[in-house]
Amino acid sequence: MKKKWLVILFSLFVVCAVFVIPSMLPAAKKAPETIKVSAVLSLTGPFAPLATQAKNAYQIYFEKVNAEGGIFIKEFNKKIPVEIKILDDESDGLKTILQLEVANEWGAVANLGGIGCTSFEVGTVVAQKNKMVWLGPGCAGWTPHQRGINYMFSTFFKTPFISPLVYNMIMSMPEPRPKKVAIFEINQLDCEEAVEYWRKGAEKKGFEIVYHQKYALGTKDFSAMITGAKAAGAEILLGYPAPPEGPAMIKQMKELDYNPKLIYWIRAPEASSFGPALGPLADYVCVPVAWSNQLAISGNDQLNAQHQKVHGKLGDPITGSAYAAGQVLVDAVKRAGILDRKAIRDTIAKTDTETVAGRIHFSPQGWAVDRLVLVLQWKDGKQNIVYYNEAGQNYKKNIPKVDLKWQPPWSSR
Amino acid sequence: MMLEMDSLSKSFGGLMAINHLDLDVYKGEILGFIGPNGSGKTTLFNLISGLLKPDSGKIKLNGIDITPLSSHKICQMGIARTFQLTKPFAQMTSLENVMVGKAFGCTPTWSMREAKEEAEKILRFIGLGEKSMWRASALGVVDRKKLETARALATKPKLLLLDEMMAGLTPTEVEEAMVLVKKIRDSGITLIVVEHVMEAILGISDRVVAINAGEKIAEGAPQDVVRERKVIEAYLGEEA
Amino acid sequence: MLEVNHIDTYYGELKALWDVSLTLDKGEIVALIGANGSGKSTLLEAIAGLLPPTTGEILFEGVRLDKEPSHRIVEFGVCLVPEDRGIFPGMNVSENLELGAFSKRGRKEKEETLHVVYGLFPILKNRRNQLTRTLSGGEQQMLAIGKGLLSRPKLLMLDEPSLGLAPLVTKNIFEAICQINQTGVSILLVEQNVHIALRVAKRAYIIENGRIVQHEQAKNLLRDRRVIQAYLGTHYA
Amino acid sequence: MPKNWKSFFIFGGIIALLAMLPLFTNRSDVLTWSCLTLQYILLSQSWNIIGGYAGQVNLGHAAFFGLGALTTRYLWLAGLPFPASLLSGAFIATVFALLIGIPAFRLRGIYFVIGTLVLAEILKVVIDTRFPVASVLPVETLLTYSLLPRYYLSLMGAVLSVIAVYFISRSRLGLGMMAIREDEDAARTSGVNILQNKLIAFAISTFLAGLAGGIFAFYMVAIQPGYVFSPIWTFDSVVIVFVGGIGTLIGPIIGSVFFVLLKQWLSLHLPGGLHLAVFGVLFILVVLYMPDGFIEAIRRYGKMVTLGRKPMVQGG
Amino acid sequence: MVQFLAQTFVNGINVGALYGLAAVGLSLIFGVMRILNVAHGEFLMVGGYIGFWLFKLYGVDPFVGLPLVGIFLFLIGIVFYKVVFSRVAKFHEEVKLKNSLLIAFGLYLIFPQIAMVLWTADERAISPAYSGQAFDLLGVRFGYVPLAGVCIAIIVILAMYLFLTKTYFGKSLRGTAESWKAAKLSGIHIEWTFMITFGLGISLAGIAGVLIALTQELTPFMGMPWTLKALIVVVLAGMGSIVGAFVAGLILGIVEAVSAIFMGPYTIAIGLLIFLIILVLRPQGLFGRA
């Protein structure tokens, strides 16, 4: 009887070996027919809605690049098309590692990443270990950039810059201006950071935080917080809701008749589905974004047209940041002239290029310096640009800006 | 006196399963325990083995009150039992079933070799030696009963409670079982035997106690008890 | 009316019935007698379709039952009141009785039958809103029989109706059984109380280790040593 | 015992081959898959002890994995030597198990199942809130990061778990555990101290789970603290054990290979998202057609083959 | 303060009614069939999306669409019972429980991917013109939609209750839950009963899904969290207790709402902790029998 088990064990081992051996065969060194680029994204699981936007951007962009024959590589003195391998990490940090290792062995020259701090925090470290660039929207988190990792580049904005922006925006409005702030803090890293800068900014700019409450991801009932903020008389509501929380929060605010003058939320309202999901209730909600499909910067018309054609709608905010990451990569590869990871990293670090999301160049820590940030306000199912940061001054004519409107009470809408 | 039960009572939702029962078991005897279905025999076994706690009354083993002890303690003090509806460890082999008894019973051992040798011995004794590597789930009714007995014996009990060991056996098998029970007694173990097969219980018991509706209705030598009107009525119903 | 021809039945790998045959005529009470674990209940379950036989056939009024699922067998007018009484402990008495009449056959004449059952067991009427679990054993048995009757059976199979009951209650139940029989319902009875069983039954089968070993008129068996032996063993008498 | 010699020889041979794997390949993806498979063997074997052998379907396994992982990680990064951190992690997991064991084992059946599940959820929420920042290896460590020690550690963990299960299944303890699984009343009246046995089984199981967590913490370049408490860890190990064959030595090994490698293979060959759906379908088919796991299916096949000779005999 | 507490209570009930409704179907299926369908949340998600489709594509008011969704999900439930679960229903109790869990786990892998294809990964919600509207009663705000949700939940549970206690077929379901053997002997077609039960349970999940889409949001990955919530509520109530599940849902909602005032991010943990304590003190659940 024993023997049978051993046979089973052994055949099991053989199966493993069959799995392993083909992958052990040496990959012959030949002239590259393609430039291999991986994209490890959360195509399934809770982060899928965001990562899908990035995937769409990469596909549209590299289709365009390949339609033009690929990227010109000096070393071979010809254009080489890009082969992009999209790998799913199931919104699971462990799978992120798994797929990045696959990308590593596959021979990708760089990895294009998705969005969300989880995959960013884990993925960039693997990239560092493998000495392969991780370039993508990343996340708004500031902490991941403070760890001395130099193979990561985020084309997204960061909390120290978007958080205080709200105060600048309010200050740019004529008096009377709201002064009292309420903060709904979700138990996530980037939100914790944002709250810190909201606090500092409030002190500096003379705002008063009258209500601050922390809550956990997965909360379904926000009425305790809303009641609290209402009781404290907060006129400005700051928050970092995860996408599935946005509509519930707004509906409960209306039900409880809480009337802040300004709702400034990072994340949840940026998706183009936020407005349709809520209808007129979405009006007046403000959200900072790193790209808008209304930006009249060159390349966007084409991106929007293609996005409309393939996906039936204009690009979402993440689409632009991801598209920009693709542009940065192609630009860097072109400048590097060779298909070497280290060389590509070095050229990316020296990037100073115009993208669909404005000019991008990186700090030594890999975040985009002087990144264009827009504030959108929902109105009638559309996201209007109502404010932009200093970086936006250079794009004045490209940004169709309208005036910020204070949110009227629910009863008069 | 080995086991004393003192005014033992147990009720289930108003129904008195055992009603102020006094019963003594003497060292070295085979006590036959009879009564119709539902008369409380199995409940009494459950009380003695500690699976149920009495509402009132005491059980003493060699003068020590075992009423508050948990089942495994009672087992380790020397009371083993079998179940009427056999409870074999179905996914384990016969050998392993019996090894459990040896390893955890009255003379616990950490040595699997010792437990195995002892278990093999007992399986041979009981007549299951050939099937020691069978899974218990593959055994037939008769073998399961044997296995239960073997497992109980392996705990090295001083007192063994056999619950309907012979039900459903053919006459020849009953004969064999009777010989077995006597052999067990001869090895120095006191037995309480619950049995429906009257032939068997009368054949092997030194003493018989009959109960009905949780109360003792007769006690004494087997032939006498079985002739008592109360007992016959309890079994066959009142004759008109 | 009922004809069981040479059936074998297995519990998983265990053979429980060996070549069992049995007949029952219309209006008869037939008793099945045997020791614990001899296969009486198994036989009833086989007829009721809970444990279909692997070989042999079961005919009821000329229709083969052994291939039918149990809920269909009820529709043919064969009803089993099992040893655990087959009632729903978490439901009240009238709900239990209603479910007894779940079959199309029973539903048609539900009201009349209900009337009959309440006439037979008046206590059930008083307790009709009480949870079954809170009834006494005798009441539960009455309910079980009543519930069985509501399916309008032609053949009622009773498994140990006196189990765990006081003698007086047993007597009442058996009186009821006789009354039921007088309304034309045939009865197949498994009973440990041999005297009572043989007094009400016309014929009886003795079953041992899954085999029918004897078949006799009840009144003859009443004086037969073998019956006593089946229960009290050879040392008696 | 020549029979045993042979099995030890083959078992040793397989370990030796696995140990030599890095000589054949230094591909990081192959090593990663192998690491992961081995770690899943360790984790699922640890669940197999409490769930398979002792029969207590504990759905709070992630809690112990997580405790082991976090403790190990923070102690290690704080400068404690890794082996000491690893043991402390496993130790903390065990202590926690013993603390909650007595109230938990009051629950029976489905209530125990859900109760343990909820326990892990509570820890997850608390940890998510308390530690939102990922624990990332310092860059200096990353420079010297090598998969090899991780691979060997995972291998050691897996081998340890297999050996542990092997010995448990052949010890008095295992005997008691299986008896409890089969029938608590019969076990009790055969002298088995139910609570004590369950607690010991729980302790061993959680110790190994903590160890799995620790090895995972050593392996991962970055960990989100809440992530190691995700119910996914429990479900994965339960699924692996059930699909492989519960309460067997080989089952979890087969299950891990199936679960990790098949899923990975599908994800590489099917467009994004679809691989999970396909895996789900395959998984349901396995459950429907092999209700007792691969092992039982193989066993039944083996039985069919050997039916003529010794049909009923079941090897230990 | 009284007003504030009253408001908190109302809020708790609003969410708790959803918890309860989500749990009832799970409880029904478990009670009658002993199948633990951990893919319950997935069916809930499908229900929500169907309601969303009806609203978006055909302009059907979600409350009008509810019965349609209920019927559609009922059919889906029957199909799933026939294709997969009927094969498990035949097994012995323990194997059945285990394998039903595993199969549901497989479904949990499949459903979100299909939903992503059909409805994309974008978040969706049903927001008719009246959503968010509320009225004031003694200073306590009552939202129309949540109130309607609570009412519908109560109506559905009541209907379920009446169905189970007053109709013949409902009684046969309860009977089957009590003892399938007795049910068989009473002429009840078990297979049929199981199929209807599964359909009903899934249909209840679908109705809960639409209500969730009205007050919360829809994503392809919402299934698992809702399954966990429903499971907890079902166990809290005592397995198989229908009305109990609803009450337990309300209790959990209120507990969470109240603890949200003091506990912030630990609210969810507090709810779970209370659940655990109840479980240890009363292992059969609040409304279960010992």
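We call the chains A, B, C, D and E, going by the order they appear; numbering starts again at 1 in every chain.
Throughout what follows, a residue touches a chain if its C-beta (ideal position, glycine included) is under 8 Å from a C-beta of that chain, and two chains touch if they have at least 3 such contacts.
What you are looking at is a predicted structure, and each value in this text was computed from that prediction instead of being measured.
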item: Those chains which touch chain E and also touch chain B; value: C, D
item: Chain labels contacting chain A and also chain C; value: E
item: Remotest chain, chain B as reference, centres from CA atoms; value: A
item: Distance between the centres, which are taken as Cα means, of chain D and chain B, whole angstrom; value: 41
item: Centre-to-centre distance between chain B and chain A (centres being mean Cα positions), rounded to whole Å; value: 73
item: Mean-CA-position distance for chain E and chain A (Å); value: 34
item: CA centroid of chain C to CA centroid of chain D, Å; value: 52
item: For chain B, residues that touch 2 or more chains besides their own; value: 138
item: In chain A, residues with contacts to at least two other chains; value: 44, 48, 187, 214, 216, 218
item: Sequence positions of chain D contacting 2 or more other chains; value: 125, 129, 273, 276, 313-316
item: Contacting chain pairs - touch in the sense defined above; value: A-D, A-E, B-C, B-D, C-E, D-E
item: Interface residues, chain E side, partner chain C - complex; value: 165, 168, 171-172, 174-175, 178-179, 181-190, 289
item: Of all residues in chain B, those that touch chain C in their complex; value: 14-15, 36-38, 138, 140-141, 164, 167-170, 196-203, 213, 222-223, 226, 232, 235-240
item: For the chain B and chain D complex, residues of the former touching the latter; value: 49-51, 70-72, 74-76, 80-81, 83, 87-93, 96, 99-101, 103-106, 108-110, 112, 115, 133-135, 138, 151-152, 154-155
item: Residue ranges of chain D touching chain E (in the complex, touch as defined); value: 103, 106-108, 110-111, 114-115, 117-119, 121-122, 125-126, 129, 231, 235, 239, 242-243, 273-274, 276-277, 279-281, 283-284, 287-288, 291-292
item: Complex contact set, residues of chain A against chain D; value: 1-6, 8-10, 12-13, 15-16, 19-20, 23-24, 41, 43-44, 48, 55, 86-88, 90, 92-94, 97-99, 101-102, 104-106, 117-118, 121-122, 124-126, 128-130, 143-144, 147-149, 187-189, 192, 214, 216-218
